[in-house]
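The two complexes that follow have chain A in common; it is paired with chain B in the first and with chain C in the second.
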Partner chain A sequence: MSSQDIPEENLPAEQGTAHGAVRVADEKNPFADPGLPPHEHRIQDIDERAAKRSERTVALLFTLSMLATVAFIASYVTIPVDRSVYIFPLGHLSALNFALGMTLGVALFAIGAGAVHWARTLMSDQELADERHPIEAPSEVRAKVMDDFRQGAKESALGRRKLIRNTMFGALALFPLSGVVLLRDLGPLPGTKLRHTLWSKGKLLVNMNTNEPMRPSDIIVGSLTFAKPEGLEEHDHEFQTEIAKAALMLVRIQPDDIKDKRQLEWSHEGIVAYSKICTHVGCPISLYEQQTHHALCPCHQSTFDLADGARVIFGPAGHALPQLRIGVNDEGYLEALGDFDEPVGPAFWERG
Partner chain B sequence: MAALVVLLLALACTGGLYAVFAPAGKAQADETAQSLTIEEGKKLYSVGCASCHGTGGQGTSDGPSLVGVGAAAVDFQVSTGRMPAATSQGAQVPRKKNIYSQAEIDQLAAYIASLGAGPAVPTEQQYGPQGADIAKGGELFRNNCAQCHNFTGKGGALTHGKYAPTLEDVTPKHIYEAMLTGPQNMPSFPDSTLSEQNKKDIIAYLHAVNGEETESPGGLELGGLGPVSEGLFAWVFGLGALIAVAVWVAARTAKAKKS
Partner chain C sequence: MSTTTSTTGTPAADAAGRSRGKAPAGERVADWADGRLGIYSLAKANMRKIFPDHWSFMLGEVCLYSFLIIILTGVYLTLFFHPSMNEVEYHGSYVPLQGQLMSEAYKSTLDISFDVRGGLLIRQIHHWAALVFLAGMFVHMMRVFFTGAFRKPREINWLFGFLLFVLGMFTGFTGYSLPDDLLSGTGIRFMEGAILSVPIVGTYLSFFLFGGEFPGDDFVARFFSIHVLLLPGIMLGLVVAHLILVFYHKHTQFAGPGKTNKNVVGMPLLPVYMAKAGGFFFLVFGVLAAISAIATINPIWALGPYRPDMVSTGAQPDWYMGFSEGLIRVMPGWEINFWGHTLVLGVFIPLLIFPLVLVAIAVYPFIESWVTGDKREHHILDRPRNAPTRTAFGVAWITLYFVLLVGGGNDIWATHFHLSINAITWFVRVAFFVAPVVAFIVTKRICLGLQRRDKDKVLHGRESGIIKRLPHGEFIEVHEPLSQEQLHTLTAHEQYKPVEIGPTVDENGVERKVKATEKLRAKLSKGYYGEDAQIPKPTVEEYKEITSGHGHH
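Right after this comes the complex of A and B.
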């Protein structure tokens, strides 16, 4: 099964001598080790011209990589960052991004392809058997190590100079404390922060779009408006922390369509204010369908019926969206009549 | 007879122009032309709309009342082909080919506007790009619209087979009208809560991120859906190609004699 297609004079002399020697089974080893299969040569091992060809291919790939790297640097220097080109299946895109990506890709790919081709066609592919040996050191080496250790311990005088020993143990014992102290940053416990928002009695509802307070007549049936508490500005240091709890969506529903009695009481002429934070894991929820009065959360498809106390009608959310009790102040602007009466957003251990 | 036809046509045109340029509900033009346009609109209405929306626009069990929806709603619904709807639509009335001329739509709009005051058809001045703040528009879009329509207006799914359509080839006028009137399940964003300038900004933003000349810096935007489609592509095609190359390299023997 060796190489009847290859002329005799081209075959290396040692072919077949080291390989294919089959060991026989005996009493101790009932399964014979078949040994390595006979080695077969590649065309490059036999034909010097094929080997030259492979060499040239590998060199060409490496040269291509060099050229691509030069092209990468040239693109970086010459192509303006805002130039746009049209490239067929991709559409309009940034010329610089495209050039950098392509040249970098070609440069890396050519190195890899060259290395693979080199290894497969030219590097030696002789199979080698390497027997394992025990990793345990000989007993005299082990005895020497133990002796060295004992001698080192004696010479260091650790047992005699107790002051050094004790202070060293102290230093090593105290050092990990710095890591323990840093754990303090995991706290402090949130306390009642999760139970309160910026809303309180008399705070005006401010339209997120216009940054103005709103009158009931501004909000028509079927509309959707987002509100924030008066006094909270986008550039405030605490804006994100506060709006994450206080975000409000305002919709107006015909009072006759509202099924939940408490919801109607807490609304103003059919204008209802619900927390915008999903009670499942706290995504902003505002995919409001004005005909069905359903609000859908984009993360896990929890669906709330805003005409029925924001009851959960589908999905993983555990409880209804908290409603904010609203009314109108003396000047005719919408105001909150207090904070939410339950924590907004996802449930937590102590929520109750 | 011919003179009468010419006169009628002239009056209809005047009425059509009026409906385009004047806000409905604030009658300023010639009473006769106005009432004639309404008359024409009523005729079109009786043929195309009354079977669902009732003979006087009061609505039936098959279609909502049109009293007070305004000319903008009519212009949006009819010129995007959503109305008249097929008798058995699915979860949502889809966009389709418009079968009315602009003049007819204006007549219909005038008739509906005469049933009760509602938002008028916006003018080029209102939705055009002049004086728009694209960055502010982006902020407003992400706050008010992106939850359903995706952050660059590619659309998205809603409940029970309903969906927020892509805004890719929707004209600025129709986007403006949709915000103003809230078609189907979309909530409305009246001028009292989303000002005219806000709407103009949003339209300018959409044109910048989703217009015909919008460039995608990386190319191959994969629907513009963000990390979901990009991750899927990278894992399936990127990793798939790497595995395929690795298998190909290993499967191809370099031996002179192929076994």
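Right after this comes the complex of A and C.
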């Protein structure tokens, strides 16, 4: 039989009611379920040439996958890990990443496309029906299980020997406590750690960028300067934990513009020092608008008015930023006049 | 070889062996396995198991395959990742960060990205697959919700799926926190601030989680074991249970000719779904690999290592955490101070609403089954329009979710669309309450409109688009009658009647106390299935009257 021959029984004329012949509606109930519609043949079912074409397509896809895997290995071996390549319209990409990803992608996708095309065009698409059975057990099974359980429960005497039952429950309830207790050493107790920072009387304010102590003249109007306490160095083991509390931001505001009286008292020549850690959930505040003296936390947009006691003027923060009292030492350097008088960062239950 | 097998085999196998010659190797292996595992009994029920076909049934497959891809790529990443917060100085091949202090976790992530060949690709596939996994679960869950596939007997599988979604969120969060870069550290800080807001125990929880003060040097290692062992272990168990139940319950199907509540119509697992589903795994994997080849995700090298005093603008969590971010951003900063304590409502309320939003959708199946009082199994899916209240509730929930997503990205909205961030925040605050209600009402209206249209279609036929001019000049549109298949499909759904409270006096004439829950149920039921809540579907009588009376028009 040549590939052009179509088996007689598959010719459209032999298909009977198939091919969209309108079924006569049930006279009594036109909404009744007419049952599964007749199977409609695909071109591949009736034309061996079309089936052959499908077969070739599937084989081509699988072959493409093999070639792509070879290309993957070749890319891995030949392309240096640091080469960059320009690919329109994506821009500059890592050549190796692009080559490996595309070849792997093609290798995998071609397998999938081949399998799906095979299933859709060559495997039988005759719809079949399976019966469902209720999930619930039949009543006699249920009765048997209940009987078995009662028998087992009776034989265990759990209900009758209450002493055993109660002590067993007690033991089972208590032993997980050991597991809970074991978690105790996950961390130390908070104590008053959240109330204190490295700042103390006489500690110099060190510029975060230059790592040098600062004179008042270093702080110009409109700029935002970040500072850390003297003695805290990046290499210190506790640096991350300490800077998470001690980070400070300095701005200079015309003393006349400062609305809050205490703020003015705690400042020096209009230089005010506020905790950099947002009182909402602890992001570092990094944006400063010099005209309005507003500081904005980029995480959740809490906005503080640095000219008015750093009170919250917008956003989800619950209270003002703590201010650090600063002055100038004998040598003319900015120094802290004590620690923050309230905990920095997010509020917590014991904060008060 | 054949003589050895026949002499050691049982007499029966012996006889069979002699009469038919040696069985093929595959069959012999299968026999061996069956003798030990009983695989034939399993295969009898499952090898030709029927699965119905609908495009929306593949959404769950996307989740399954992306989950497998995440596990495969994740195992690879553990071979190179160092879950340690020890500070080291960087001297790798990424020049801009030379000499920087960073944690080993961050450094090893840089090494995976720049020094391990293919490491970047696997890292990006891992992250992209995680996003697709969560998005897939979200959409799959919506498919199940809107078609009522969660009804008996599938409520428990709905809960398994829900748990997978929630655990997936936290596995994702702990995962993208591991590189200890500036962005992920900011996310961790946010989490720490949220934990601190918990009344009474918050500070303790934070100190126990971080091994002391934030950030300490423990959390990466702790998150690592949570991310690679604890959560995925639970999820793998849930995925297996989820699939076993899908097989056990057999898949749901849409109404149609030949499809009933007592059968399942479709193609057999072997060969069609073996090929289609197996092939689909490769399609998903292939697409993810191609995306990871061209689209950078989480470029931690551009962000730098974490420093608690630094931050970048536009900090965003991965999308699935965005709605919790929205809650925290739009909540007013309420704080109550009393007796030396602080109740941080501005953070704690969002922390409470976060699980409540999720639980609202999780418990819905139980609420609906209580309202309907329906104890039967349901295997035929609803079209969303035929369950207007459920559909409206689902759309309201999605609306709330997306309003919060907008809130979570309020800075991105502000910068990209040149809007005031204050205005967006206020919009979200109002929309949080108003938008779901509006969405509910609008959706219900639309559903009822669609029900009316279906009814028209059944009774008057399909609009053919052909205009006919009658001899006396009148124009009419020709409607084509539907086939019986179409008529059946459009009228196959059931319509509930509202639950009545029942007689308030018992058989002895004594007044019975009507419980508040009964009243509530009757009220809800009326809202669900009362006169205004569904369009009565056409009856055979109506159809006959219209079609026989004056013919088609």
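Following the convention adopted for this analysis, the second predicted complex is superposed on the first by the 263 of 352 C-alpha atoms of A that agree within 3 Å, B and C clash if a C-alpha of one lies under 4 Å from a C-alpha of the other, contacts with A are read in each partner's own complex, and residues count from 1 in each chain.
Definition applied: a residue touches a chain if its C-beta (ideal position, glycine included) is under 8 Å from a C-beta of that chain, and two chains touch if they have at least 3 such contacts.
No experiment lies behind these values; they were computed from the predicted model shown.
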| item | value |
| --- | --- |
| First (chain B), second (chain C), both or neither touched by A:225 | first |
| Partner chain(s) touched by A:345 [first = chain B, second = chain C, both, neither] | second |
| Touched partner set for A:286, first chain B, second chain C, both or neither | both |
| Partner chain(s) touched by A:62 [first = chain B, second = chain C, both, neither] | neither |
| Contacts of A:210 with chain B and chain C, given as first, second, both or neither | first |
| Touched partner set for A:299, first chain B, second chain C, both or neither | second |
| Partner chain(s) touched by A:333 [first = chain B, second = chain C, both, neither] | neither |
| Which superposed partner A:94 touches (first chain B, second chain C, both, neither) | both |
| Which of chain B and chain C A:46 touches, first, second, both or neither | first |
| Per-residue contact with chain A, leading partner among chain C and chain B | C |
| Interface residues of chain A shared between complexes with chain B and chain C | 87, 90, 93-94, 97-98, 116, 120, 125, 208, 226, 284, 286-287, 298, 301, 314 |
| Residues of chain A touching chain B in the complex | 3, 5-6, 40-46, 84, 87, 89-94, 97-98, 116, 120-121, 125, 207-210, 214, 217-220, 222-226, 251, 284-292, 294, 296, 298, 301, 303, 314 |
| Chain C residues within the chain A interface of the complex | 48-50, 87, 93, 101, 114-115, 117-118, 120-121, 124-125, 153, 186, 189-190, 192-194, 196-204, 206-218, 248-250, 257-258, 260-268, 271-273, 275-276, 278-290, 292-294, 306-315, 328-335, 337, 339-344, 346-347, 377, 379, 410-411, 421-422, 425, 458, 483-485, 487-488, 491-492, 540, 543-544, 547 |
| Sites on chain A touched by chain C in the complex | 22-23, 25-26, 29-37, 76, 81-82, 87, 90, 93-94, 96-102, 104-116, 118-120, 123-125, 127-132, 134-135, 183, 186-190, 193-194, 208, 226, 228, 234-235, 237, 240-241, 243-245, 247, 276-277, 280-284, 286-287, 298-302, 312, 314-319, 345-352 |
| Of all residues in chain B, those that touch chain A in their complex | 140, 143-144, 147-148, 156, 158-159, 162, 164, 182, 184-190, 192-195, 198, 213-221, 249, 254-257 |
